[in-house]
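The two complexes that follow have subunit A in common; it is paired with subunit B in the first and with subunit C in the second.
Let's look at the complex of A and B:
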């Protein structure tokens, strides 16, 4: 709650608009990273197709804006619902198989969806679509600041969901699946059902992140929405931050997100992608538990040293 | 408009394409089929091979096939190195495959972005004397740029099959996939064998890349289209069966070609994914799998 209020206050401060744009992106990554982590870090199933869910949220919003001029709230709900259905569907099709086939399926999903949207002219096709963004948000500030607050709210919701899942029986079941799925199944953990829950929730959150995107950018075209950026970042941030708890993705998103925003302005944007990739590989090899893991290890050494 | 001509041409193109898919999939057949290493970065190494062929062709006029063969040892060394890192970081610790998968995804990403930075998003192609020509047999046109990769692909598949079944190392590789511990008891070092096998897998990427750029222009993001195809072929053919890989590649090539001709080329990736799902649902061991 306090975070939200702080956010609204910050929004009214009226600083340079660019900061809101940049902060929006970081918050968006918090949502995406947390969403990815529910399936990836908690359950151990790697989703390479984040762009697919994210884009589905965005395109649902576009369709709603174009057809009925729906308000943002409706877009959010619809985007989340559609992405959630996709999550459930892909889960139902592939989760009975080995984890690696699920991952390949998500990869193929992203490519297939991108092809579909390129061919779908109602939503702009390959040319993309431009939208008019309302000038003033309900709080009286500019619409960009309103979007910033909305994204802040979504980030809070995402993190709260992850935190709740982690502590509940669902989270414990997911952790069991991650550690040894066969053993979990033998112990009576309803693995398929839990995995479906995880995929659906993950999809819903990613769709939520995608829904405000059209208003944020006012121009949406398949190449940018399906950008590799989203796939790598939503994977790298939890892995770097620490994939076993809710705070890992947040740390990863804040650190990596801000670093990228700075790098994008100072160095070229392709180079910063390369850096992300290298950092990811380095972390996976050297610090598999991420920053959270490193901190825990340090704390243990200091505490149990004597 | 259904015409016999169109169908025949699509079939032939499919067969030729299938021969090529076999080359690309051989590496995965070895790495994933025999060694259980989910190397999703394999297609991006194929792209690397393509770009190497491109550079040597543009600067020195080398024939792409020549480059592919010449650089196979380099790629072999790269494979050895990659396996060493993979083994030291993951296999030895017995960590879950999650991290291995992410590791290869990271590698894929780094290589793809490096290629992007070095060469940009433009399509690159090679020039060779036989690329523009084609052979006509009745109503069917066989383009040389498709025929040569297909023939080389089949030759490579045959060579690899002989290697795996007749030589000591080949049989050791098959043995290590069946029971690594028993192999150790017999006096061979499984780690060394696996490293050798993975090196061979990456070496095939060199030739595959050279063939790819012969078939058509390439750009770095293409590797993602091939991930689905390659795993579909490996699973359909049966893990670790080289002959199965060839058959599966031909099937996939034909299905894709028919889809492209009658429904539009943008759906070809969906085809490979569909085939993969179908195989996994109906007969996960594949056609020739154990």
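Let's look at the complex of A and C:
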């Protein structure tokens, strides 16, 4: 709640519009990384298909804008619902696949969906689609500022959801699945059902992140919403931050997201993925449990020494 | 006194591709019994256990537990009905402490998620002699502690039937006695136990009845001394 209020106040202070654009992207990554982590970090199922869920949220919004000029709230709800259904369906179809086979299936999903949207003229096809964004948002703020506050709200919702799951019996069941799925099932954990909860919640949150995207950029084409960046970042951020706790993806998204925004302005936009790749490699080798794990390890050492 | 059948395995068959792992196996385990299951390596013991606990689907045949057919049920439902198992190769939840490892079955075996979960888990750890290790990471346990954790987790599911899959493999003889004492104690409390074991001294001492598997077939069943005297069993283990 305090975060939200601070965000609204910041939005009213009238800083340079660019900062809202940049902050929006970082917040969007907090949502995506948190969503990814519910399935990838808590449950141990690595999803390479983030762009599929994100794009589905965005395209649902596009269809709603184009057909009935639906308001943003409706776009969010519908985007979340459609991506959630996809999450459930993918979960049902592929969760009998373990490990790397699940990951390959999610990668294929993104490719298949991208091909579909390239060939769907109504939503712009390969050429993309331009949308007119409302000039002003509620309370007289610019629409970009409004979108920033909306994304901030979504980030709070995503993190709160992840935090709740982590501390509940659901989270403990997911951790058991991650550690040893067969043992978990034999201890009474309904593994299939819990995995479906994870894929669905993860899908809903990713769809939420994607739904405001058409109004944010006002131009959407398949290559931009199915960007490899989303797949790589939503995986790299939790791994860099620490994938077993809710704070890990937040730390990773803030650090990596900000670094990318800075690099994009000061160096070049093409360098972003290289940057992510190098940082990820460094972390996998030096701190496989991410920043959170690193801090815990240091704290333990200090505690042990004292 | 009428002796009730707790577990009934009827003509259970399992193939892996062209390999017949189990060919129409029948077993009856009575309520409260200590039942031994032995056989040479690759004879299908673990496959049979997987079919009973539900981690493998049977190709044919029926499994009835406490009067209820469970053949098509997923493993977690069977656990809630009262079938628990330990694994031959310990499969601890490595990111959790010993206590957290036990909280999973305590919470998920059908009692809900409220208070008392920690107390119940601690109670089981005390019974198993693992209480001192409650807050240790499960990955840091010794071999014998790991075996005890396997049994403790199975117990935490409050089973009526406990299947112990080679809980003693690789342990010293004092440690074997330790585990045996625990299993006797559990049986005293009314839990039916199926023990799969290669350590003959332990199975023979523990079991009231023993079934012998060889190449997916049950070749003998009876009291320990009958099994020892059975020429087919000797042949299965030692060859012609």
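Methods note: the second predicted complex is superposed on the first by the 306 of 306 C-alpha atoms of A that agree within 3 Å, B and C clash if a C-alpha of one lies under 4 Å from a C-alpha of the other, contacts with A are read in each partner's own complex, and residues count from 1 in each chain.
The criterion applied here is as follows: contacts are C-beta pairs under 8 Å (C-beta built on N, C-alpha and C of every residue); 3 or more make two chains touch, one makes a residue touch a chain.
Nothing here was measured: the structure is a model prediction, and the numbers come from that model.
Asks: For A:228, is the partner it touches subunit B (first), subunit C (second), both, or none of the two (neither)?
Replies: first
Asks: Quick check for you: in the superposed arrangement, does A:108 touch first (subunit B), second (subunit C), both or neither?
Replies: A:108 contacts subunit B only, not subunit C.
Asks: Once chain A of both complexes is superposed, is A:178 in touch with subunit B (first), subunit C (second), both, or neither?
Replies: Once the two structures are laid over each other on A, A:178 reaches both partners.
Asks: Identify the partner contact of A:97: answer first if only subunit B is touched, second if only subunit C is, both if each is, neither if none is.
Replies: first
Asks: Just subunit B (first), just subunit C (second), both, or neither: which does A:291 touch?
Replies: Touch partners of A:291: none, neither subunit B nor subunit C.
Asks: Go through the superposed model and pick first if A:244 touches only subunit B, second if only subunit C, both, or neither.
Replies: A:244: touches subunit C, not subunit B.
Asks: Tell me the contact category for A:281 with respect to subunit B and subunit C: first, second, both or neither.
Replies: A:281 contacts subunit B only, not subunit C.
Asks: As a test of reading the superposition: which chain, subunit B or subunit C, is in touch with more residues of subunit A?
Replies: B
Asks: Hey, what residues of subunit A end up touching subunit B and subunit C alike?
Replies: Shared contact residues on subunit A (touching subunit B in one complex, subunit C in the other): 178.
Asks: Could you please specify the touching residues of subunit A with respect to subunit C in the complex?
Replies: Residue list for subunit A touching subunit C: 168-169, 172-173, 175-176, 178-180, 182-192, 244.
Asks: Would you pull the subunit B residues touching subunit A in the complex into a rising list?
Replies: 38, 40, 85, 89, 95-99, 101-103, 105-107, 109-110, 112-114, 116-117, 221, 224-225, 227-228, 231, 235, 266-267, 269-270, 272-273, 276-277, 280, 284
Asks: In their shared complex, at which residues does subunit A touch subunit B?
Replies: Interface residues on the subunit A side: 40, 44-46, 48, 93-94, 97, 99-101, 103-105, 107-109, 111-112, 115, 118-119, 178, 228, 232, 235-236, 239, 270-271, 273-274, 276-278, 280-281, 284-285, 288.
Asks: In the complex of these two chains, what residues of subunit C are touching subunit A?
Replies: 53-55, 74-76, 79-80, 84-85, 87, 91-96, 100, 103-105, 107-110, 113, 153, 156-157
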